[in-house]
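Which chain is which? They are A, B and C, in the order written, and residues in each are numbered from 1.
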Amino acid sequence: MSALSAEQTPVTSAISVRDVVVRFGGLTAVNGVTLSAAPGEILGLIGPNGAGKTTLLSVMSGTQRAAQGTVTVGDVDITHIPTYRIARLGVARTFQVVKPFANLTVRENVAVGALYGRHGTDRSSRAAFAAADMVLERVGLAPEARRQASELTLAGRKRLEIAKALATDPQVLLLDEVMAGLTPHETDRAMELLRGVNASGVTLVVVEHVMRAIMGISQRVAVLHQGRLIAQGLPQSVVADPLVIEAYLGTRYARNASHSDA
Amino acid sequence: MQPGRRFSYAVLALLALSALLPTHLNGNWVHVLTLFFMMSSLAQAWNLIGGFAGYPSFGNVTFFGTGAYACAYAMNALHWPFVSGLLLAIAVAALFAAVAGWPILRLRGHYFAIATLSIAIGTQAFVAELPPLGKGSGMTLPINSNFHFFYWLMLGILIASIVLTAAIAQTRFGYALVAIRENEEAATVLGINAATTKVLAWMLSAAITGAAGATYAYWTSFIDPPTVFDLNFNVLMIIMTLLGGAGSIVGPTIGSFILSAIGEYLGALSVSPWHSVVLGAIIVVIVIVLPRGLMPYLTGGIRAFNLNALRMQLRASRI
Amino acid sequence: MNVINIAHGAFIMLGAYISYWLFVGPMHLDPFLSIPLSMIVLFVLAYLIQRFIVNQVIRAPMLATFLLTFALSIVIANLAQVYWTSDIRSITTNYSGSSIEFGPITIPWIRLWTLIIAVALTFALQAFMTRSKIGRAIRATSMDVDAARLSGVSVAHIYALTLGIGGALAAAAGSLVSLSYAITPTMGDSFVVRAFVVSVLGGLGNVTGALIGGLVYGVIEAFGALFFGEGYKDVVALVVLLLVILFRPYGLVGRATA
């Protein structure tokens, strides 16, 4: 299981964690994980339930403090920086259970991201709202702009979640199970959106359970199991990795898989 | 907020016009209106922290009392003119909010409410023990019987608070406040510095409240702890804001108007305890039936009254 | 149950008045003996209030129940003022002045018995909450309303029962207090604040914690009065409350949940 150590990486990563440990009382959710995403790449993060994926994302975005280890964005150490400043540095995230501003309109929801975010304080409210409108177009929510966020369907809310994050003009976008609960058609549209976002230069770290989506858009995939990184590499090789199969399905299937390869 | 904006301008215009009233009214009406302006200001101030930011303060009356005492001390012991007393009141109240706000605004829900309530009670008890502040028996201020002056001053404070609210609502700061109210964690990950934003909102709220307190002190020429730290003020602030519409621009003033009107009517009718009973009953009704206050109906007209939506919302909030 | 009941003070006041009227009335019932009666009356009243009024807003934001119970406390206190006037009343029995001596310490009879009964009620409550079916239902509901409902618990009833028990205990407190304090319609106010302080000190939801919290608070208040003077004791207590809320919100004896 090879992970390029920080010393060997020629280019500074967009975002990376090093030897991060996170504990909740007696439970160690993340147990010494070192992982980085190169600028402009799409890194998939998978693993069985409870593997620590969301916790790792939380550490990256600053909503959760690591007990040990460091987190860096570019060459800035963000381990102890308050969450809002990490957001202003260009790290945006979505939440697994979406957090819309229910009593605001869709447009206002996105505008909040544009009013703060990476360039928020540099521009006027009008410019921020204009930027929000552009994001709404991109994400396909323009028709709903004046509706209350609470009136959106689940797919709409997921897109709103992404839109809010995009409005902050991030360098790194952390996505927590954005495909969960979407129909195959909606999933395709979401994948297309994410590819477009990535094409404009944003690094993506995508936590997903929907295999089709992960395999479809990730350039590299990392696998967490019980708080540890057990595999990393190209999607196809990770999926065939016996350790990964064992983590998901148990030893019997892993043995069968390596037999059928031979 | 578009339809609301026209309504807000209408209210502001009405208030501005009422500056012409005092010369045509008898002393009692001037008194009643001055009190109405004061309560409205307190409610508008509460709205900033309670309605916009979503942190229901049960201790805002602390700033009223603090402002009152600061002004009383300035005028009584230091022999300053009223203007200086007023400015001192605003400064002290805002400073109090800043110092108390840092730790207290980290609390949520019940704990925040209890903490702010405790501050109100504790400050009252504390002030009642301080000899320079008259220890419990109160303080007097120089008498000023130009009641029109106080009418205009309170009106000015009210107009200022409404204008401030409107200004905030359209800026980045205002959006930060409502984002914090709607979902504080989401707000933080978008880059909002929640801690500073909340404290700032409370400071503004305290400043207005303190100004009202100072004016009240000079107006009545005598203050004592139970009067200026009276928790009933706080409850009224909250009810008025909820009745009119928390988070709206002029909702608190509307709510204050209605409640003051009812209070006047009842006061004219009968003895005080019934007054409170009716008030209590009104609160019960408002809390159950009007979660957004009257604002949606005032700006949307009778069309906004949707029996089904009301029924659904009732079902959602009951067990 | 996450219902902050500001009307608790009003319930205490009602309990005190019930004991008062039973004492000065033809029955001349000793306040200690009227405790079961006041408890029953307040149980019913509190049950009805919860079931038909407070239950309407349980799931609304917390501010709603806060305000609702506050409104109720205003209504109750003012109705009391209308019917019973604000005249200060008190109960003096033939044993009011007597005390018992334990060596160098002298303890008034009334205070001693108040303590004994209060402690007994606390342990009774604790036993009820942990051992009885209803007690378990209450605790289950407080942990997860929907799961409790799915298990067959009538949630509306349980909420009402809980406030009913709270009301009964308030009545007991009121009856006990009627012997030592002045009886007025607004007497409840100072008790509500103290009740909050004690509950937070002991940890919200922790029954025996409340007992410990009460003892700790009593000591703090006494020492506060000793060092800073009688008037400052409220301030001291509230400062303690704030410190506890800020640094140990689960109380002095509580444990953080998760």
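Methods note: a residue touches a chain if its C-beta (ideal position, glycine included) is under 8 Å from a C-beta of that chain, and two chains touch if they have at least 3 such contacts.
Since we're looking at a predicted model, the values are computed, not measured.
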So which chain is the furthest away from chain B, centre to centre on CA atoms? A
Report the chain ID whose CA centroid sits closest to the centroid of the full protein CA set. B
Could you find the two chains linked by the most C-beta contact pairs? B-C
Using CA atom averages as chain centres, what separation in Å is found between chain B and chain C? 31
State, to the nearest whole Å, the distance from the C-alpha centre of chain A to the C-alpha centre of chain B. 43
CA centre of chain A versus CA centre of chain C: separation in Å? 50
What residues in chain B touch two or more of the other chains? none
Of all residues in chain A, which are in touch with two or more distinct other chains? none
Listed in rising order, chain C residues that touch 2 or more other chains are none
Contacting residues of chain B [partner chain C, same complex]: 56, 58, 103-104, 106-107, 109-111, 113-115, 117-119, 121-122, 125-126, 128-129, 136, 235, 238-239, 242, 271, 273-274, 276-277, 279-281, 283-284, 287-288, 291, 314, 316-319
Enumerate the contact residues on chain A facing chain B in the complex. 61-63, 82-85, 87-88, 92-93, 95, 99-104, 108, 111-113, 115-118, 120-121, 125, 128, 164-165, 167-168
For chain C, which residues count as touching chain B in their complex? 2, 4, 53, 55-60, 62-64, 66-68, 70-72, 74-75, 77-79, 81-82, 145, 155-156, 159, 193, 196-197, 200, 204, 229, 231-232, 234-235, 238-239, 241-242, 245-246, 249
Quick check on the complex: what are the chain B residues that touch chain A? 170-172, 175-176, 178-179, 182-183, 185-194, 247
